[in-house]
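Listed next: structures, encoded as structure tokens.
Same chain, two partners: subunit A is paired with subunit B first, then with subunit C.
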Partner chain A sequence: MNQSSRPFYWMALSLIGVVIAAYILFPIFWLVLASFKTTGELASLPLTFWPQAPTIEAYTALFDETSQSSQLLNWPTLISNSFIVAVSSTILVVFFGTLAGYAFSRLHFPGRDLILGGLLISRMFQGAALLLPTYRLMNSLNLQDSLLGLILLYSAFGLPFATWIIASSLREIPFELEESAMMDGASRLQSMVRIVLPLATPALITAAMWHFVGAWSEFAFASILMESSDNKTVTIGLASFVELFTIEFNRVGAAATLVAMPIMVVFFFGQRYFTRGLLAGAVKG
Partner chain B sequence: MNRSSDRWLAYFLILPVVAAVLAFVLGPTWDVATLSLTQFVMGQERGFGTLVNFEALWADPVFGTVVVNTAIWILGGTVFCVLTGLAVGAYLAIDSKVTTALRALILLPWVLPDVVTAMAWKWMLHGQVGVIGDAFTRVGLSDQPISFLGDPDLVMWMLVIVLVWRKMPLVALILCAAIRSVPAEQIEAARMDGANAFQRFRHVILPNISFSLTAVTVISMIWITAEFTLPWVMTGGGPANSSQIMSTYIYQQSFQFFNWGVGSAMSVVNLVFLMAVVGLYLYINRRSWAAGGSK
Partner chain C sequence: MGSVALRDIRKSYGAVEVLHGIDLDVADGEFVVLVGPSGCGKSTLLRSLAGLETISGGEISIDGSSIVHLHPKSRDIAMVFQNYALYPHMNVAKNMGFPLQMAKVSKSEIDEKVAKAAEILSLTQMLKRYPKQLSGGQRQRVAMGRAIVRDPKVFLFDEPLSNLDAALRVQMRTEIKGLHQRLGTTIVYVTHDQIEAMTMADKIVVMKDGHVEQIGAPLDLYDRPANRFVAGFIGSPAMNFMPAKVENGQAVLENGAVLAPAPEGLTEGQAFTAGVRPEHLMVADQGASANVTVVEPTGAELQFVVDLAGTPTLVSTRDRLHLRLGDTLHLEVEAGRLHAFDSETGVRLG
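Up next is the complex of A and B:
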């Protein structure tokens, strides 16, 4: 569409770009800046842009046993819980998603498209309406307030999308490759592991990243299920800062920065996989 | 290859996924539906087959506020997400180094955890030391600090603004991809016929992306209906229920007031609404689903 080489066109284009970039980045930037300011600086007008006396006090306070806020929740515990839940459920989702994705893309069976469609539609109902019955279900299974319960729940929620991403990527891999391996005497499992999986690796990475980001960020279900402070996750910890909001916003900013960090790392290193997953099927719900 | 063994292998492979969805989505849906028809007295189940929970929901003075707020949330959110998403998507579709870089960056609000987004915006909208209120006073739009989240008339619209920041990027990227797939010859032909940029957009690009536009509108409604964390962490439904929407009301009734009757009734209303929107989505997509569930 770009036909014009007029300087005005280029300037207008760049200007709009700068405005959009500022709109996207400013809230994040402002939050990170706040985490390096002192409480006094945050509470006084006129507002300062750059921290006047940059300090990492807010970060060390989160990990300081004796400081007031960390008596409520222990951040090292929160972080390790979130990692355990996000990583374990990602492994489960990619493993079982690959098995199911293989079946949906390679095998013929009655009801195949209907089942896959049903799985995708189920994603659209995973909202606030399921909070109460999920709480009841987890209680009856004795899985409330347990990391295992949360891992199973997140896996169940993440499996349909992972299955779909993997299935649609496997469909693009020519069946002849596998067939010729089987002609040469490879079993179905061998041909799947040696021929299909290496080619599907990008799709597996996409599925893993999407799930990890979702599981790390989840708040609603974790907040109703995890009761003891040993089992809480980072999102619950961050949300519990609402009470400390005005007095100690630097700590809120520090906690929020820590919570966002793994997501940002995954996002910046896995940029192309994200976009891939998006174009592959985010519109499917 | 043996077709029948193929079939059993397939059922075996998809069993974990299907079982997980039956147990954690379909089962709970059924459970909340029966729960909503069960009477509770002091937390004890007292009889099935009653509409008292729906009557209690209807009689709750907050219910009217919830309906109005949810309408602002879902309709306002969807309209602004799609309009800004279309504008930004059209911009991103232009070939240039600037737009290519932005296409990568713009998804950032979409991957950021909701709790983080809520905290960042709550801080920017703070009544005394918020940067947005500060900017307003500096340019002279207001002579005193505005309590954006404390004003019952403003709070819902502030939530919609944050929602647009959070959800618009994906809408923009999807529409950007749709615009970029419009055949270049059609645009060129219109240009030859003397159509200006606006006319080309209106008469060539829009008709070509109408399917994506409709699909992304309906899917936005589904995303926005499901969104709970953002409003809950930012306002908790307050001040005085003035930003209470369906999802926050369900949470409040079920887990703060332990009023499972009303909580489950609202959940069912939420599910019925979702089913209607999902039905609309399936209707719009009927050709692509019929074509084999793939694309």
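Up next is the complex of A and C:
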């Protein structure tokens, strides 16, 4: 490609990107805008795009104990449960994923690469195919309707991919650095903690973000395993809410925005690491 | 500082043995260079000494105590790696202080030792910088500083200059040599560059295919190479080799031309491989005649290739000769500078 055509090429690419982003984001944006509208405005014709009289009434109603929505769904409990499950399983996945990733990247054992590749096979199964066996398994272990059960389940599902991301990243870190640390007086564990892991931060953050987002927004397994209202997570709450408040679309919008908030926060702070972490191993540095 | 003894060191990867029983003594404060072509086992030997490779057999001791079963961190050995192996997330001061931190030395003592090492290596202004903000030479100095602060018994260098450009390599060579002279440290240094070996070493160990070919002082190896491999490896430009035999006490080439008096130890009529260094061939009024085929002036000296009895032979001289391709001239070998090697085994005959 010659120099003169390059700007047009990038402009065309950018335009395509903007169109795709708009196509994907418009419904979400519409939902967020709806959360700031009144029920009357939403019901009126013609439809308005921007809120005519922006209000946070739909948000306050979610937590107003006297409101119907709050009486039917305890949002602080739902959020707290989701937070406990997502954070706990993220910690477990990153901790064990780091240990396993280190083993796959540094130790030599028969079938190492085959097993590492095999870890990804677990992601090829549709979740729906695993619903029934998982339910029976959790039931037999007496872990249904338990936050601990959900934490363990999400950790088990998340661990292979986290291990794969972390192992790919650790392979990029020269082993000479660890050898140097060992010559400098560090044990293997010290060289891993003091030298390797700080350099693998993007991969660890990526694995954590990936898992947190998945655990926070998981619906299918939570919906079949969690029965009591004390143990339900936000995604179950949101689904119930949509059924209960279809007419009051501003409240549905507010609830959906609220549920998406932690994910947006996670991506806001971790975005710069995310691409680097995912690309580890893909290109030579 | 410490003395090192390696006895019958063997290393195998599966069925393949890469070190075949190496014996080596390094005296306290000695600068020993392991040199040889790629794959000769020199780095494996160094890493075995460091404890980064497990040996298959033999004994390694420092100051008379066996270290074979000790973890690298317990051997009291510091190592400078080919790629410097600086910790990218630590600044220069933290990199240099890391070994002391691992040894649980107090912060004030770490600061003091790092400052002292930084001064020796002219790194005082760089202490807050990160490795990526340093040039190749500065990184190399930081790697050396990290080794110095520990004051270990032995320093190991694994091809530390191979990533530097030619000018910097010469400068760092001088700095490492100066450092050794100042600190009096025991150093085992690996390189494939024989000039590095010649200029820096008290003792050179020439290796090939997992065997030691010769151990000796640089000039001993240059003057009396034990075999044809060492003769060809040590010295730059490399030694010329040509088939010859002894006739009337003279070394005679295949075309009958007399090269020089035959070295002592050869018998009349014995065929051998004659070895002569390019700088020991002189243009003379008489002697073996040769045709000039390539002329390469380098400035300080003139190198040219001649056809000597069918063998392309390099000659190096500081005389400013005006040679042209096809010129015929006569060559003599400097007295006592003709080497003789067995044509089959390559072993030195005289």
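Everything that follows uses one rule, which is that the second predicted complex is superposed on the first by the 248 of 285 C-alpha atoms of A that agree within 3 Å, B and C clash if a C-alpha of one lies under 4 Å from a C-alpha of the other, contacts with A are read in each partner's own complex, and residues count from 1 in each chain.
Please note the rule applied: a residue touches a chain if its C-beta (ideal position, glycine included) is under 8 Å from a C-beta of that chain, and two chains touch if they have at least 3 such contacts.
Because the structure is a prediction, the values reported are computed rather than measured.
In this overlay on subunit A, subunit B fits alongside subunit C without clashing. Contacts of A:Ser180 after superposition on the shared chain: subunit C is touched, whereas subunit B is not. In the superposition on chain A, A:Gln271 makes contact with subunit B only, not with subunit C. Once the two complexes are overlaid on the shared chain, A:Ile20 sits against subunit B while remaining clear of subunit C. In the overlay built on the shared chain, the residue A:Leu189 is in contact with neither subunit B nor subunit C.
Here subunit B and subunit C are compared by how many residues of subunit A each touches, and B touches more. Legend: residue contacts after superposition of the two complexes on their common chain; A:Pro198 is shown touching subunit C, with no touch to subunit B.
Once both structures are overlaid on their shared chain A, subunit B and subunit C have a minimum Cα-Cα separation of 5 Å.
Residue ranges on subunit B touching subunit A, taken from their complex, read 3, 6-7, 9-11, 13-14, 16-18, 20-21, 23-29, 31-32, 35, 88, 91, 93-96, 98-99, 101-109, 111-124, 126, 128-129, 131, 134, 165, 169-170, 173-174, 177, 187, 215-216, 219, 222, 225-229, 232-233, 236, 246-248, 250-251, 254-255, 260, 263-264, 267-268, 270-271, 274, 278, 281-282, 289, 292-295. Of all residues in subunit A, those touching subunit B in their complex are 1-2, 13-14, 16-17, 20-21, 23-25, 27-28, 30-31, 34, 42-47, 96-97, 99-100, 102-104, 107-110, 112-119, 121-122, 124-137, 152-153, 155-157, 159-160, 163, 168, 171, 188, 213, 216-217, 219-220, 224, 235, 238-239, 241-242, 245-246, 249, 252-253, 256, 259-260, 263, 266-267, 271, 274-275, 278-279, 282-283, 285.
By the touch rule above, subunit A contacts subunit C in their complex via residues 174, 176-177, 179-187, 190, 194-195, 198-199. Interface residues of subunit C, counted against subunit A in their complex, comprise 50, 52, 71-73, 77-79, 81-83, 85, 87-89, 98-99, 102-103, 146, 150.
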